[in-house]
Structures are given as C-alpha cells and as structure tokens.
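Both complexes shown next keep subunit A, but they swap its partner, so subunit B is in the first and subunit C is in the second.
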Partner chain A sequence: MIGLIARKDFLLNLTSARFVIGLAVCLLVIPFTLVTSVDRYKQQINVYKTASEKVETEYKAAKVYSNVRPSVIHRPEALAVFSEGVSRNMGNTVQLQYGEYPLLLSGVAGFSNPLLNAFFSLDFATVIAIVLSLFALVFSYDAFTRERENNTLKMILVNRINRSAFFIGKFLGILLTLVPMLLFCFVTGILFLLLSPDIALDGAMWTNVLLLFLSAVLYVVVFVLFGLFVSAMSKRSSTSIAVCLLCWIWLLFLVPNIAVWSAKSFVKTEQYDNMQLALDDVEEPYWKEREEKSREILKMLDIDGLSHWNYNGGSDGYLEFSGGLRKALDYHLNFSTWEVPRLIDYADKKWAVQKEYLDGLVKQERFQQRLALLSPSEIFGQLASSLCYSDPGYYLVYMERVREYRQTFIDYVRERKLYESSTWGTRMDPENFVSDERYSEMIQDYETAFQQGPEAIRQFRASLPPGWNDGNYGPLDVVGFPVFDYKPHTRTDAYNFVLARFALLMGIALVLLMLTMLRFRNYQL
Partner chain B sequence: MFTTLFIRELQGYLYGLRFQISFAILVPVFIFGTLSSVFSLHETRESYAKLSQEDATTLSNRAGNITSVAVSTSHYLLPPKDYFVADDCKEGMLPNKLTYTAYQVTGFEVQQGGNNPFLKRAQGLNWSFILYMLLSFMTLLLAYDSVSGEKEDRTLSLVFSNRVSRGSYLFAKFLGIVTALFCVTLVGVVCSILVAVLSKEVQVNGAFLTVVGGFLGTGLLFISLMAVIGLLASTLSKQSNISLLICLTVWVFLAVVWPNSSLFLANKLFPIPDHLYVEAEIRRELEDINRNAPDGSWSSNHGNPFYSRHELRANNQTNLMNARKRRMDAWYGQMFRQFENTRLLGIFSPMAQFEQLNEGMFGGGYLRFKKNWNDLHVFQESFLQWFKDLDAKDEKSPHWYNPYENLSTSRQPVAVDQIPVYTEKPAGFAERLAYMRNSLIAMIALFGILLALCFVRFLRYDVR
Partner chain C sequence: MLQAIELTKRYEDGQLALDALNLEIKPGEIFFLLGANGAGKTTTINLFLNFIEPTSGQAIIDGIDVMKDPLETKNYISYVSENVMLYGNFTARQNLDFFAKLGGKSHLNKEDYYTIMRKVGLQEQAFEKKLKTFSKGMRQKVGLAIAIIKDAPNILLDEPTSGLDPKSAAELMQILKNLRNAGKSILMCTHDILRAKSVADRVGIMKEGRLVMLRDREEFLQDDLEQLYLEYMQETVMMP
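Up next is the complex of A and B:
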C-alpha cells in the first residue's frame, strides 16, 4: 500500500508545474554555479602556479643562508568547487620568519581586485541548500491540506488504509520526486569535475563527494519532513505555505546572519591592529637590545662605521653583502650569531600574544558555529565545507602544520649553526675583504674613476678583488633543507566533525518524523 | 469605491496570518540587527580611536625631520559612521585604508580590523539587509495570490459583479500590500532608532533623521516594485500555487543568483591582470631603469646631504617611483572600471538598485571610497607643495627631491600641528544625486513597465 501511494504521488508530482519549474531552476542554476566555481578554482590555480614558480625561483636563487627562506604557498583544494566555506577569506602565502610564528595565510589567493570583496558568490552546496530545501517545502506543504481541501483525504482514509502507511507513502513519493533533482545536480557537478583538466580528485576526495551526496539527501529529508509536519499542523494550504516559507527564509537567510552577528557582538575578539600594536610592544626590548649589541660589537672590533661595497639587509636576519671592510665581515659574523637565536626567542614571546588573538577568533567562530546549528541549512553547510576542505578547522590544522614546518626548518638551521658562518651573509672568501687603509684607497680610486667617466669606472670595477661585484657567485645548494608537505585527508578531527553534523541532521529528521506521525494520527479530516 | 476597496484590502492583509508572522519576524530582527550594529560600531570606534592615537604618536616622532614626514607612508582609515546601523554599505568589505606620502598616493587595502577570517562572510544585519532580503520576500508572499487566490476562492467574479473598475481593484490591492509592509518597516525603523538613541552610540540628530527619511523613501520605492512583481505573477496564472512558484523563482533569481554572479561576470566580462602579473611587469620596468641608471645612482652618504651622488640617486628614485606609480595607477583604474561595469550589469535587479540608492543616500560604500581616493590625490599635491615650500627655505638642503629616502632634502624639525593632515569631506548633495541617478531611473522605469504590464494583464484576466 505504501508503495502504491508513493508511486501515485511521485507520478502526480512528475507531471506537476512545481516539478517542471524546480527542474528548470536546477538546470539553470546548478551548471551556472559550477561554471563560476570551476572558473574561480582555475583562477586560484593559476595564481598558485605563478606564485609557486616565483617562490621556488627565489628560494633556489638564494646565494647566502640568510636568504634561504622558504615560502609556503597554499594549493587551493579542488573540492572547494563544491563548497567554498571560508576559503575566500584566506590568503595563500606564508613567508617563514625567524622572528615571528606564521598566524594566518596572507596575500591574495584569487581575485586581485579588493573592490570585488563587495560581491558575494554562490557555491554548489549553498545552491543545493537553498533550491532543494525550497522545493522540498513546495512539494510537501500541501501534502495533507490539499487532500483535505479537495475532500480526497476522507475518501482515501475510509478505505482500509493505515494513517502511518499513508504518511510514509506521501513522504516517499515526495522524496522520490526530489532525489532525481538532487541526482541531476550531483551528476552535473561530477561531470564538471571530470571534464575540467585542472581538477584531479583522489580516492579520499571521491569518498567525500559521496558523503556530500548522502548528506544532501538527509538534508532534503529534513525539509520534506518539516513541510509534512507543517501540513499536518494546518487545515489550509495557504496557512501551511505561509508558515513553511517564512520558516524557510528564517532558517536559510536569517539564522546564519544572526549567528555571525551575534558572535561578532557578544564574543569579543581583539582587533587585528591592536594585536599588531601589542606585538610591537613585545618586540620593543628586542630593538633596544639589538642597538646595544650592535654598539658593543662595533666597540669590541674598534669600528667607527660599517662600510660595504654592496649591501642588502633588513629585519628578521636578512643579510647579503659583498666587498668592503674585513671588520664589517667580523661584525656581521658576531651580530648574526647573536641576532638569529634572539629573534627565535622573541618569536616565542610574540606567539603568546598571537595565540591569544587566534584563540579569540576560534572562540568567536565556535560560538557562531554552535548558534548556526539551529538551522539545518547551516548544519549542511558546515558539513559540506568540512568535507570539501574549506572549513575553519582545515585552515587551523593547515597553519599548525606550517608552524611545525617552521620549527623543523629552524631546528635544521640551528643544528648546523648556519647563522654563525660567513655564508649567512656573504659567499666571498673572507681573505678578499680589505683593511681600513686599503678600503680608503679604493674609495679614493673610485672617486677618481667617477670623475673620469664610464670607461674608467668599468676599468675600476674590473680591478676589484674576486667576489666584490654582486652576482659573481652562484646560488647555494638548498638540497637537504626541510620541505613542506601537507595532505588534508590525514585529518581525523574532520571526520568526527562530519559525523557529529550527520548525526544531528539524522536526529532532527527522526524528531520531525515522530512529531509528524503523531500529529497526522490526530489530523481532523 | 476605491477607498472602500483599499480599506478592505488593507484590513485583509493586516489581519492575515502571513502579515502577522512577517511582523513577528521583522520587528525583532530590526531590533536585534540594530543592537548588533551598535555593538559593532562601538568596537570599531574604540579600535579606531586607539589607532588614531598611535598614528598621532608616529607623526610626532616623524616631526623631528621634515623629510621623514614627507617620505614616510601615512594612512587614512575611513572612520565608522552612524549610518552603519541603517546600512553599512559593505564598507567593512570594501577597501577602507588609503595610504600616501607627500609624493604619491600609494594605494588602498581592506583593513582586517575586527573581521574574523574564520567566520563566513555575511552581510551586516542592518535595515537595508532586512528590506533587501526579508521584506522583498514577504512582499512577494503577500502579493502572489492577490488575483489568482481570489479567483480560486471565486471571490474575484463576485467583486466584479459589482460596479468596480479593474484599475481601482488592482490599485487598491497594490496600495494595501505596500501600506501594510511599509507600516512594518516604519515600526521596525522607529524601534531601531529608539535602540540607537538608548545606546548613545549613534547621534540621532536632524542630519541622521534626514537620511533615514531618504532611506524610507527608497525603501518605499523598493517595496512598491516588489509588490508589482508579486501582482504581475498573480495575474500571469489562474492558480495561486503557480503564481507562488513564479514569485519564488523570481526572488531566488533576483536576490540570490544574480547578485552572487557578479564575481564571475566581473572576471569574465571585464578581466584585469592579476597582482602577480602587474608586480612582474613593474619589477621588469624597475630593473630596466636601474640597469640604465648612470653610475653613482646607488651611492649614498647619510652624514652629508650635499654628497654629489645624491642628486643622481634622487633622480633614479624619482624615476622608479614614477614608473611604479604609472603602472599602479593604470591598474587601479582598471579595478575601478571592473567594479563599476560589473555594478552596471546589476542595474536591472531591484536589489542592486536599492543597494546603490542607499549608498548614494548615505554617501557611503563605493561612493565614499572613490571620493576619498580622488580627494586624497588633491591633498597629496598640496602636501608635497607644503613640503617643497619648507624645504626651499632651508639653506642646509640641496633640494634634491628623493621620494623614498631621507637623504637630500631638509632635515629641519616641524611643529606637529603644522603638518597637513587629510580630512574627509562627505559627498555633497549633487554628488550623491549623480551617484543615485542611474539606479533611480532604472528603478522607476522598471516599476512603470511592470505596473503597465500588470495592468494590461489584469484587464484581460478571466475572472470567472
């Protein structure tokens, strides 16, 4: 009997205007959303490739150890085509520093125009959440009321039909109508992935796509049951549709926004700029110590001022020089030996401030996440972003791995005491640096050549000791330095997260099922 | 007859379940949204005050050396405004920090501030969002069965068996919907203003109330447009569920799909080079300039401003700055065009029209950003002139203007209060009107066309 009712409803739905319009909306919106998402992914991949090439080239071109500073470029996740989560808020680059722990990804991952931030974008999971939930309600809101209004409910139930069987039949009939729409959406999505040469999914990712499909089915079930519940609560279709649609807009568009703005209003976090100011405060003694140490070394070596032929330097231990005083080399050897370990110590102190800021962000996000659980669409959204590696948890774990990598890199440098060698700042043979007197003479010669013109300058440059002219030596061999590697599906926390959301959706569905059945038993014909 | 019809319709809507649920949802959301905006405004203002204090300290440190004042990068952070409770005009997402020196306006960026990157991007829960998202939906929900529903209930033929003109009937329906929903908006806005007054975070004065009045005006126009769409959908079908489906599809398309397609359209229809390409081009050009720079262009002697090679260095640095500036300005121009053209595409959507009208009304969003960007360029020229005038008076300066370094211009101190500081001027009435013009015309035209279509359709509607 259940099968008969389900079949009848399914066939009736198939020929209804709702199905035609629903399918037309899916036909129009889903491919369009996928085209935009795939296009965005391509753009991100192009940025990723260009940035990686640039970083790789710079890394391999380092001539001194102080410049061997790997940058981690985050590779966009192909599955984010289905759900972009918070990926649009994130950059794509981390430049490793001795003096600071990496906190968040910086740089630009996709569109370069910051004005485009004002535009929002849709992803596959959001479209599914909006369109399918809407049609689930549109198909179910009048399941009982319409039959009642047409007086067909009485006629059906005067026969030997159990009310539960009738309800289950109705439910299955609607579900059977919606599942093909859902299947169409997913098949289109998968086809897009398979036809895009830039996207390659591995086994774990395909499993996630399957889990996403199952979650979507469960999500649709929740809304169908909700529509049936409202229908069982109402006597008129017009009442039922009003309640259904107002609840729909509340759950889909208001709860997510209320959750975000409640979190922003009631869970205070430090402002990013204030955190930066606090970091400056922590760092302040370092700059004083640095100045004192510099003076101390200058005094120890009896140097009035540092003179180099070529010099490039900056904060965080960056240093590259060639030519100049022998004493300048001694100065840098002493200074780097002090500076780099000190920078690492200060990074630990600064991390306490950064960690507090990060904890604040996470606390705020967790609050938002929990509050958003009031809406099934948000539960589905959280589930989808977690399965598609675009949830906050993914980025938190990613940054943890980057920080671990920084530690491994620093350990490597520290074990070999690279900052205590002259190669930290120069590749020149120490013997080719000159004494004060000789340097003064050379400067004088240069001034003379300068007066005489370009030819004299060229001749003067040719007469300089080996290595004085920048670029006279090749890049360092960086083989052996630690390399960053990250596999997203090694995360175990994500599966617990997904499982919890799945169980929650299931729980809501069961509660709605029970309530609707109870309600329908007492439904007045 | 029209008045009787209107009162009857209005009563029908006001006592209806749909209106009551809408009221129950909208008013609390208005109050909660305002509370949340007030909290956010308070936080942002606190942070802004702290940063301003820090900037003042930095400036007084620089004042010991006038060249340091000129070559160091300063920034202007757009301060939070009272109108954010009504509409933040997406200013938290648009670039809100402009950077400059005396020599150039260097760029703009989005200040992270209190934004949490782990939170999903969400539009502010302000009045504009409530109208844009909720009220538009509720208007359609109220209007979809105005005609088809009455036909199904067989009351339509009954009405027209009396001496009632179709025009009056339709107009009474339209006015009933608009009045009912405008009342909700009014109640919501009044409650919100009370919250704002009690919070003491917003100065509710004449100027504020004037823009709120303007906002209500654009809101009324927007509600009217959505009501006409609902009525048209109702006249297109004989069954109310089909009208409902048409309304829902139109709403999903207008409020969800179309606005969220802008990013894709911007990229496809108005592509601009990405930052990596521009950086590579600039790097190539700068390398070229350095390669062709005369010998001595990199020599420096911090102790002696008159060191002869400083002139060469200043020229080279100026060339480098000009080359970078030329490229960046061209790129910024492309960004502005990309944004403006993309926005223009959305002009047919009532939601986009409403958004732009509000930006113009409040003088915020892109209008505010662009005005500051242009004004800052004018200020930068006067800032440079001020610096050059002071430098010209210093005999210890060789007057070799180097845009990046403190080497060959005056090193005299200057009183902090003498240093020019950029101050924002709000957009004038004419500027705001010009900004709103296209949207206003489009909205009125769309309203007129849809109303005419609705009327024509209803004249031929089979009421039996």
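Up next is the complex of A and C:
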C-alpha cells in the first residue's frame, strides 16, 4: 500500500507543472552557479600560484639566516566550489615572524577587481538550501489538504489502508520526486569538477561530496516533513501554502540574519584597532630594553656608532650587511643573540592579548552558529561549509597549524642558535671586516676615487676585501628548514562537527515525522 | 448489510450531529437518506466509514463493528463522494487502476478496467484521457466505476447526483438498480426526492440528527414523498 501511494504521488508529481518549473530552475541556476564558483576558484588558484612562486623565490634567495622567513600561502580548497563558507572573508597569506604569532590570514583571496566582490552571488550549497527547500514545501504543502479538497482522501481511506501507511506513502512519493532533482544538481556539480582541469579531488574529498549529498537529502527530508506537518495542521491548501512560505522566509532569511545581529549585539568583541593598541602597550618595554641593550653593547665594544659598507635591516630581527667595521659585526652578533630570543618571548606575551581577541571572535561566531541552528538551512549551511573546508573551524584549525609551524621553525632556529652566528646577518668571513683605523683609511680612499672618476671608483671597489661588495655570495641552503604541510581531512573536530549537525537534522526530521503522524491520525476528513 | 444501533455523534463543540440512529440496510436494498444540510446524513456515512468516531452506539458492516475492527470493515464497503475530483493528471484508466489496487484488486488488466467503464456508461474515447478534461458527470461515472470495481457488498453514496445533468443522473440511477439487483446494500444520502421515488426501496428523512421518518417503497409512493419532505423541511426552517 505504501508503495502504491508513493508511486501514485511520484507519477502525479512528475506530470505536474511544479516539477517542470523545479527542473527548469535547477537547469538554469545550478550550472550558472557552478560556472561562477569554478571561475572564482580558478582566479584564487592563479593568485595562489603567483603568490607561492614569489614567496618561494624570495625564500630560496635568502642569503643570511635572518632572511630565511617563510610565508605560508593558503591554497584554496577545491571543495569550496560547492560551499564558499567564510572563505570570501579570508585572505591567503601569513608571513612568519619571531616577534608575533599569526592570527588570521591576510592579503587577497582571489578577485582582481574588488568592485566585483560587492555583487551578490550564491554558491552551490546555498542554491540547494534555497531552491530545494522551496520545492520540498511546494510539493508537500498540499499533500493532505489537496486530497481532502478533492475528496480523494476519503476514497483512499475507504480502503484497507491505515493513515500511517498513507502518510509514509505520501512522504516517499514526494521524496522520490525531489531526490532526482537533487541528484541532477550534484551530477551537474561533479561534472563541472571533473571537466575543470584546475580542480583535482582526492579520496577524502570525494567522500565529503558524498556526505554533502546525503546531508542535502536529509535537509530535503526535513522540509518535506515540515510541509507535510503544516498540511496536516491545515484544512485548506491556501492556508497551508501561506504558512509554509512564511515559515520558509523566516527559516531561510530571517533566522540567519537575526543570529548574526544577536551575536553582534549580545556578544561584544574587542575592536581590531584596540587590540593593536594593546599589543603596542605590551611591546613598549621591549623597545626600551632594545635601546638599552644596544647602548650597552656599543659601550662594551667602545664604539660610538655603527659603520657598514652595505646594510639592510629592520624590525623582527631582519638584518643583512656586508663590509665595514669588525666591531659592527661584533655588535650584531651580540645584539641578535639578545634580540631574537627576546622577540620570541615578547611574541608569547603579545599572544595572550591576541588570543583574548581571537577568543572573543570565536565566542561571537559560536553564539551566532548556535542561534542559527534554529534554522535547518543554517544547519545544512554549516554542514556544507564544514565538509567543503570553508567553515570558520577550518580556518581556525588552519591558523593553529600555522602557529605550530611557526613554533617548529623557531625551535629549529633556536636549537641551532642560528641568530648567534655571523651568518644571521652576513655571509662574509669575519676576518675580512676591518679595524677602525683601516676603515677610516678606506673611507678616505673612496672619497679620493670618487673625485677622480668612474675608473678610479672601479679600481677602488676591486681592491676591497672579499665579500664587501653586495651580491658576492649565493643563496643559503634552506633544504633542512621545516616546511609547512596541512591536510584538511586530518581534522577530527570537523567530523564531530558534521556528525553533530547531521544528528540534529535527523532529530528534527524524526520529531516532525512523529508530530505529523500524530496530527494526521486525527486529521478531519 | 449495514446496521446502525443507537448510533450517536456529538462533536467537540457540543453539536449533536446524530442522535441514536437505528437503521438496517439489507443486501439487495437501496436506501435513500433524505434531509437538509446539517441533518446528519454525511455524519452517518462518515461513521460507517470510520472517518469519525461515534459518541455512543454502533455502526456495523456485515456483522463487524466498525469501531472494533475498522480496517476489516473496509473490505466490505465502497464509497462515492459528492464531488468526485480524483487525479486530474491521471487518465480514467490510471485512476481506476490505482483505486482498484488500493482495494486489493491487483490482478486486473486494461480490458477489465474498460469493461467496468463501459458498464458505468463512460464513452470509449474517454478511457485514456486525463481526468482534468472530464465533465462532472463523467468524473462521477469514474467514481462509481471505482466503487464497483472493488466489488464490496455495501456501497455508500454521498450526494452523488449533485450538479449532474438529468441524463447523467438517470444513468447513475440505472447503475444503482443493477447493483441492487446484484445483491449490494446501498445507502445514498441525497436531497433528490425524484431519484428517491424512482429507485429507492426505502427512504428515511433526517432532521437535526434524528431519523424522523422511515417509509418503504409502497408507503412513500402512496404518501406523496415530496409533500412529506417539504413538511419536514418547513418545520426545520420555522424552527428558531
């Protein structure tokens, strides 16, 4: 009997205008959405490749240890084609620093024209959430009311079929109609992935695509059951459709916005600028200590000021020089030995402030996330972004790994005491630095050559000790340095997150199933 | 056989829709239940079909109490509603096929359906047409075909001639006579006194949930049924 009812509803749905319209909408919207998303992904990949090449070239070109400073470029996730999540809000770059922990990704994520970012666009999962939920309601809102209005409900129930079986049959009939539509959307999506040469998915990613499909089926089930429940509560189809549409707008558009608004209103976070000011406060003693230390070393070495033939330097331990006083080398050896560990210590102090700020952001995001669980579309959205590696959790874990990588990198440098060696700032043989007297003579010789003309300058330069001229030595061998590696599917928290959302959707479906069954048992014919 | 024993229905709002109805419709009998709107005719049918539960009393179909074994009684009953809409995107045959299978007749083939549709007077060219193109009379015939194909011993009809043209109504009556001759118990609720006079074996008039008049064919033909009905209706209208 259940099969008979399901078959009847399936056949009637297939020949209905709503099915034709639904299929047409999917045919139009899904490919268009995928074209946009795949195109965006290609742009992101291009940005990623360009940035990676630039960073790698710079990294491999480092001539001194202080310049061996890797940048982590976030590779866009191919699965984000299905669900962009918060990826649009994120940058793609982190440069490791001794004096500060990386907080979030910075830089651009893809678009070359920032104006285009302002235009409204939907990803695959959002389209599924909107279109399929609407069609689930459109196919189910009159499941009982229409049969009642057409007197067919009485004609059916005059036979040896109980109401529960009839209800299950109706439910399966509607689901049989919607699942092919859903399947069409996913097959189209997968075809787009397979036909895009820039996109390659591994086994774990295909598993996630399958899980995304199952989540979408469950999501559709929830809305079908919701439509059936409203239908079982209504006597007329007109009442049922009005209630369903109002609820649909509430669940899909109002609840998510209310959740964001509530999170911003009730869970306040520190302003980014304030956090930066707080970091400056933490850092202030460091600058004083730095100045004192500098003076102390200068005094110890009995020098008034530093003289280098070539010099490049900056904050966070950056230093590269060649030629000059031997005392300048001694100064830098002493100063780097003090500076780098101190920077690392201060980074730990600053991290307490940064973490408080980050915890505030996470708290606000969690509040919004939990409040949004009132809407099945948001649950599905969270599921989808988690499965597609574009949820906030993914980026938080990613940044944790980046911070761990920073620690590994620092440990590597610290264990080898690289900042205590002359190679931290120069590749010159220390013996080729000169005394104060010799340096004064060289300065005089240079001034004379300068007055005599280019040929004299050339001759002067040729007479300089080895390594004084910039670029006389090649890049360092960085093969042994730690390399960043991250596999998103190794995240166990993501599966717990997905499982919890899946269970929640299942729970809502079961509650709706029970309520509808109970209600339909007393449905007035 | 259909039996109502002290069958009473009082709705939640306190309205007494049916007041201790006692009725028996034997095999091979057409019983017409007449009455104004709200008199309790449809409530009676709904009680026999177990669509609503009685407040007290019993509805019995072929010896089985509807309340005690509702699913079992469904094997012995067919129903034709006032306005048969059915499924507009199905053809007449597809509608028939669906309801036949629902009624447990899964072995029937296309020719069996055609035979039934011919029996109820549906034209051949309509058999494979979608029902949304049908007139009300044609839909009623399909509804009747559905009731017949189930081959249940008892048939309940709720205002089946409402809105039908005279020719279609007359055809419907002829089919009912044939069913009666085949031994079916037929309970038909209607306002249509003329049809009652032409085919009913017995008639009952209901008013405010009570069966206020019961006549067999010889009696109501002698007593002028129209006059009796109008008198009861007038009393109803005059009631405060």
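Everything that follows uses one rule, which is that the second predicted complex is superposed on the first by the 514 of 525 C-alpha atoms of A that agree within 3 Å, B and C clash if a C-alpha of one lies under 4 Å from a C-alpha of the other, contacts with A are read in each partner's own complex, and residues count from 1 in each chain.
Rule of thumb we're sticking to: contacts are C-beta pairs under 8 Å (C-beta built on N, C-alpha and C of every residue); 3 or more make two chains touch, one makes a residue touch a chain.
Everything quoted here is computed from the prediction, not taken from an experiment.
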Check the contacts made with subunit A and report whether subunit B or subunit C touches more of its residues.
B
When the two structures are overlaid on chain A, which partner does A:P392 contact: first (subunit B), second (subunit C), both, or neither?
first
May I ask you to decide whether A:L201 touches subunit B, subunit C, both, or neither, giving the answer as first, second, both or neither?
neither
So in the superposed three-chain picture, is A:I249 touching just subunit B, just subunit C, both, or none of them (first/second/both/neither)?
first
A:A263 in the overlay: touching subunit B, subunit C, both, or neither? Say first, second, both or neither.
first
Contact-wise, after the overlay, does A:V138 reach subunit B, subunit C, both or neither (first, second, both, neither)?
first
Let me test your reading of the model: by the given contact rule, A:V179 touches which partner, first (subunit B), second (subunit C), both or neither?
neither
Touch test for A:N150: subunit B only (first), subunit C only (second), both, or neither?
second
When the two structures are overlaid on chain A, which partner does A:A51 contact: first (subunit B), second (subunit C), both, or neither?
first
From the superposed pair, tell me which subunit A residues show up as contacts to subunit B and also as contacts to subunit C.
none
Across the complex, what residues on subunit A touch subunit C?
1, 4, 8, 11-12, 15-16, 149-152, 154-162, 525
Per the touch rule above, subunit B residues touching subunit A in the complex are 17-18, 21-22, 25, 29, 32-33, 35-36, 39-40, 43, 47, 50-51, 54, 90, 93-95, 108-125, 129, 133-134, 137-138, 141, 145, 149, 239-242, 244-246, 248-249, 252, 256-257, 259-264, 266-268, 272-278, 295-296, 335-336, 338-339, 342, 365-366, 369
Quick check: in the complex, which residue numbers of subunit C touch subunit A?
46, 49, 51-52, 71-72, 74-75, 77-79, 81-87, 89-90, 94, 98-99, 101-104, 143, 146, 150
Which subunit A residues qualify as touching subunit B in the complex?
17-18, 21, 25, 29, 32, 35-36, 39-40, 43, 46-47, 50-51, 54, 85-86, 88-90, 104, 108, 111-122, 130-131, 134, 138, 142, 238-239, 241-243, 245-246, 249-250, 253-254, 256-258, 260-266, 268-269, 271-274, 277, 361-362, 364-365, 368, 381, 392, 395-396, 450, 454, 457
